[in-house]
Amino acid sequence: MQERLKQKALELLENGTADRILGWKIGEFFYDLTPAVFKTRQEIQEEFVYSPFAGANLSKYLIAESRKGGKVAVFLKPCDSYSFTQLLKEHRIWRENVYVVGVQCGGMCDMEKLRAKGCEGVLSVGEDGENIVVETLYGTNVFPRAELLEDRCITCKSKKVVTFDELIGEQGTELESDRFSQVAQLEAMTSQERFAFWQKELSRCIRCNACRNVCPACSCEKCVFDNPGSGVRNKAAADSFEESLFHIIRAFHVTGRCTDCGECSRVCPQNIPLHLLNRKMIKDMNELYGTYQAGADPDTKPPLTDFTLDDEEPSIVHTRGGQ
Amino acid sequence: MMDTIKRISGVNPRKCMKCGKCTASCPAFDEMEFHPHQFVDMVENGRIDQLMQSRGIDFCLSCFACVERCPRNVEPAKLIEAVRLAVVRQQGGDHLRPEAIPHLLDENLPQQAITAAFRKYRK
Amino acid sequence: MSVNNEFQPTIVAFCCNWCSYAGADLSGTNRLQYPANVKIIRIPCSCRLNPMFILRAFQRGADGVILCGCHPGDCHYTTGNYYARRRMTLLFSMLDYLGIERDRTRVEWVSAAEGAKFAATMNDFAATIHKLGPNRRLEDLRCRKD
Amino acid sequence: MQRVGVFVCWCGSNIAATVDVEKVAEVLGQEPGVVFSTHYQYMCSQSGQELIQNAIREHSLTGVVVCSCSPRMHENTFRKTCEKAGLNPYMVEIANIREQCSWIHKNKEEATQKAVILGRAAIAKVHLNAPLTAGTSPVKKRALVIGGGIAGIQTALDIADAGFEVDIVEKEPTIGGKMTQIDKTFPTLDCAACILTPKMVDAAQNEKIKIYSYSEVQSVKGFVGNFRVTIKKKARYVDETKCTGCGLCTEKCPQKKVPNAFNLGLDQRRAIYIPFAQAVPKIATIDADYCTMLKTGKCGVCSKVCTAGAIDYKQTDRFIEEEYGAIVVATGFNPIKLDQYDEFAYSQSPDVVTSLEFERLMNAAGPTGGTLLRPSDGTHPKTIVFVQCVGSRCDDSKGKSYCSKICCMYTAKHAMLCREKYPDTDVYVFYIDVRTPGKNFDEFYRRAVEEYGVHYVKGMVGKVVPENGKLKVQASDLLGNRQLHIDADMVVLAAAIEPDKSARPLATMLTASMDTNDFFTEAHPKLRPVESPTAGIFLSGACQGPKDIPETVAQASAAAAKVIGLLAKDSLICNPCTAAPDELMCNGCSSCEKVCPYGAITYIDKEFRGPNRTTLVRRVAQVNPAVCQGCGACTVACPSGAMDLKGFSNKQIMAEVDAICR
Amino acid sequence: MTYSYFPGCTLKTKGKDLDIWGRASAEALGFHLQELDQWQCCGAVYPMAKDEIATRLSSVRALMAAGEAGQELVTLCSACHHVIKRVNRDMQTDETIRDRVSRYLGLQTPYAGETTVLHYLEVLRDRIGFDNLKQKVVNPLTGRKIGAYYGCMLLRPASEMGFDNPENPTILEDFIRAIGAEPVVYARRNECCGGYCTIKSKDYARKQVDAIMENARACGAQELITACPLCLYNLTENATDGLPVAYFTQLLAEALGVKEEQK
């Protein structure tokens, strides 16, 4: 797969389709793939990487890249393409400056799970169909991909690349997934239990802003939390505007715009399951206002900018059951 | 006593606007010395004793015509029933004695007439 | 001021200018009482209510927050309260999900003619909040570990 | 930080009795930025206003907080006060310590404490206020009157008289409304048609008035001074420009079995019809529900007999767009349906009629030619029973909670006319109360009793039993403490009146508010009775509440006066509390545009300076302040907080929250 | 379709015709009335007093039994229907009564009026449909002019009974039409017959009955039908010159041909 992508990148650069290629390169560790812009053949040949750790969602970078003049080609996995389409809907990306190569994705891998398999001295990780091939100092290990998948990929909602100019691999379809089961579990708890759960999780937040910075929906020109004019600016938990409120407002701001790509939880250094907040909102909107998938198409009105005359009253929160 | 009647009946006599539609609807008018609208008025003004002594309380048919037609939802029948109950709940207040029953029976009289009479006229 | 150790909740009522604020005025005109710890903030329309304001109120010590607006269909701006309805539904759901007591937040539609409803709503809401006790859960989740 | 002055009003004893105003002034005087604080008996009085103005000058105040009655009452007063003293009017905030404090609390300490907190919130807000300047928007000098009854006609005539153009939209084929169906009018007993039809003709002939008959308002957009209205002209299948109103078609049409709505179904008309002889405009209309040609494509008689060639079976609904500066609602009323009150046997006997049907039975142009005859057998009724308050003054579950107001008088009129025309009839009126406030009204009612010998019985009818051609009426006579049993020939029910069904959807279109009974609410029940709270919308006639003709006409003229006052202006001062984006923060994401009910938001691509002398083009929102009404929907939809509302900014509201919660 | 069925005391004795033909016709119409195992007399009058609990218990027991069987509860006698329907509504709406009854019966979970109470006629109208009934008629009662006598208890108070328009009901007229006869509408069909006073004052009851009969006859009725045993008794026994009165189920059975089969 990496080779096909590399070849495609070179081809696009050479035939003039794009001046720049947005892809991934190795970061600090082999499993730490980081988004990168490649401008020359040499850069691509030396640094371009695609591996089962290429989880980073590239779509957000196109807000800036698409405005820089010239044309940028980008590789988008299915879930990235949802974010990309949502950003198009919000007029954030200049589509005419972007050449999208859709990449089919078998699911990304979780380093923690690999570690749990007892792999040490890893040199490289490659794909071989449904298997992951891990080269280590001590030899080659092969694991079924399914055993190493990131949690978000286990409950993958769609293998469909929503927007593309060209596709590598087969076009996929939307999947039946039980991505809301954890939300449902939380809903089934008592209020006190939920509070305890979230207190435990959110109290670990160090306000590093990684979730915000990686989130394709959190792409405001200036975030309200950085804006002195908003009245809610604050950096670390200096005074009383605390993490819970930061996360509530963040979740509310992305409600109806979050494509559930799961990047927020992936990048959280404290392993806070932030995606459970967003999924709750998605689940609620689906149940209350009809199924809506942000980024699935460029036209449908997001639920919060729409209404029907006989919407449920807010008191449904009290009356629909649960504790 | 007024409060007892209001409590038993659950009726607020102050809702009455004195239109007299209850009395206009009442099939037992001729048998009563106080008529439905007077019941409402007299309960409101605390003249319960007079009502308790009136023979009309036994003639209300519980046909609910007054309840149905009252524009203000006052439900006079419930007041009359409450006054009647106030009477029969008193010691010796029964209006009907079991001994009297055989005398009243005829071949076709349905049970419910007797049952109803017992319910209405004694405790 | 009287010294009263009993819990006196702080309640913020956001009222839209056209219906509910006028309804509140009407309950005043009719001398219908409700607790003094209910304080009204006038906003042009229920759709002006940013969730941030509610969270801010809780953060600063409010024990209950209620939004009153025109009845659906009667919005002075035609559709404002429909948006407010969705926003508040989702916000309340999220707060519930985070384990915040459901009864701390409420939305009630009160028209300019419903002075009695306004007073009754405030009395009821204040009683509910009083029963719930002080708001603790929306204070800082990290700083406060009891 | 502003230099704030605080002015605490006693409102006589209204505030001062429950709030320690002196203490409020003292405590608020300690607040940061407050440089002057005082209290006074009536802050809205001349001397109270001077007090504020002097303080502004002496203490160079930049912000003013008045602790007084509701801002809905005197915010404008105090804004003007400050403006005269050179302060921007939007640097004033009101703390409502009357309606929302002194009037609802009894404990003085509690109320005082609350007043202080409300004052603090206002001070906190005013610190963040910024001077605002109101823009202006032009006024389209044309008015729309919705409803062509006597109310609408009178309003239109008065507006036209003042030289402004005015359009009437009437849903029926003719203007005139309910009054065309009425026989005589109280208390003078002149004939309704004689006083109404000249006005109808006046309206038709007035150059300034345009009548859209058989038309409805389809949609309303815009705002005061600039409404854009779509009018639906329903297909009447007759070319209005060609029809001469000769009426030949209405005689030749073979479909004779159409209930005649004008006579309330008491007789029948043809499928093509002119409602009545004096109709305006006098143009035939085809009733599509009954026309054989339209239903089956076979017939065409009307087309054959029409010498003007006016019949057009292919006509469709047409839509007309017009612009108006002001809109008057005059949608009127209807009697309620009586299904719920069948103890009076309305649906069981044709001789039980509503009062409006009785008008038709008495009317010379009615189905009986003005002779009072029973609909069942065409005989003269000898005993007539009138029942008052049918469906009025009821518990909410049983009918209308209000008094329909006109029934007492028209029933007295009916009873009197019966006795006058047919002295051999016995007439009973069953009443709960006789309500006759109005000039010469009670005298009129007394005449019915004293001179005409109408039997007024305090009581109510409980049951009407049609039997052997009679109506057995069982009723109460409360003063006589007896039950009456009357063998009547006719029973007339004073059915409650309710707003026309078209009013509710119209109110939604106009964003005008209504009460629970679907009557339009006025901006102030005493002081602004002909204006809706929505600017530019005015109320005329029974759409606002039950009214008789003199009252309707009075209100119609009052509404016209208000409209003329508006149209006389060349431009209107806009509400400066509008939304405005901070372009530097705007994402251009269109969230705000999607929720704006007025279409006030557009987008432009704008060049910004980037770092290192680069430029960036970004899509940013623009708000048209003349169109924005300041609801704030966009401010919450905006994720970056770029959109804010002047006068109710995020920071201002949060400052109030902080002040209240601290 | 099987319904729980509450016959009531009168239907087991003097009012057998109402019961027997009702059940037989039900089978012919494809539904089954399953008599509750242990029903108790409903008490014949609805306890209007809010503070009376004991008099509501038998109704609640019947309602709960139907609920446990997962069935709707059908009644035939107007009095039983009136009592059970209104007690059910009390259980739905009156918290005090609900609490006291639940405590009295020692219920784990309070009964809150979950069972649906239907009168036989409502089953015909809302479940079977009069059009379908018409299809099943084998002996249409063509030419018979029948007046419906509703009485009080099925109709009033309409806000609680929800049976039909209380002042101009049509359900029995529609029924009469369905079995092939001609309904005669007369205004006194919902006026009280005075049945409750029959043991107190025959004269008074007679006055009421005569007025009803006169009205029905004047409007062209040749016979009357009713759903109430007490009304039937009263209209028959206390009439000066009355029309024949039958239970509606008798005519139903006749029209459905059930009567001959059983003969």
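The first chain written gets the first letter, and so on, giving A, B, C, D and E; residue counts start at 1 in each chain.
The rule we apply is simple: a residue touches a chain if its C-beta (ideal position, glycine included) is under 8 Å from a C-beta of that chain, and two chains touch if they have at least 3 such contacts.
Owing to the predicted nature of the structure, the values given are computational and were not obtained by experimental measurement.
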item	value
Touch-connected components when subunit C is not counted	one piece
Number of steps on the shortest touching-chain route linking subunit B and subunit C	2
From subunit E, the most remote chain by mean C-alpha position	A
Centroid comparison with subunit B (C-alpha atoms), farthest chain	A
Distance from the mean Cα position of subunit D to that of subunit B, given in whole angstrom	46
Separation of mean Cα positions, subunit E and subunit B [Å, integer]	23
Cα-centroid distance, subunit A relative to subunit B, in whole angstrom	75
Junction residues of subunit A, two or more chains touched	224, 231-232, 304-306
Shared interface positions of subunit B, touching two or more other chains	65
Two or more partner chains touched - positions in subunit E	167, 191
In contact (per the touch rule at the top): chain pairs	A-C, A-D, B-D, B-E, C-D, D-E
Complex contacts: residues of subunit C adjacent to subunit A	51-52, 55-56, 59-60, 72-73, 79, 82-83, 85-103, 105-107, 137-143, 145
Complex interface listing, subunit A residues touching subunit C	183, 186-187, 191-199, 202-205, 224, 231-232, 237, 240-245, 248-249, 251-252, 255, 277, 280-281, 284-285, 288-289, 303-309, 311-318, 322
Interface residues, subunit B side, partner subunit D - complex	15, 17-26, 29-30, 35, 37-38, 65, 69-73
Residues of subunit A that touch subunit D when the two form their complex	67, 90-92, 219-224, 227, 229-232, 253-254, 257, 301-302, 304-306
Of all residues in subunit D, those that touch subunit E in their complex	339-343, 345, 347-348, 397, 463-468
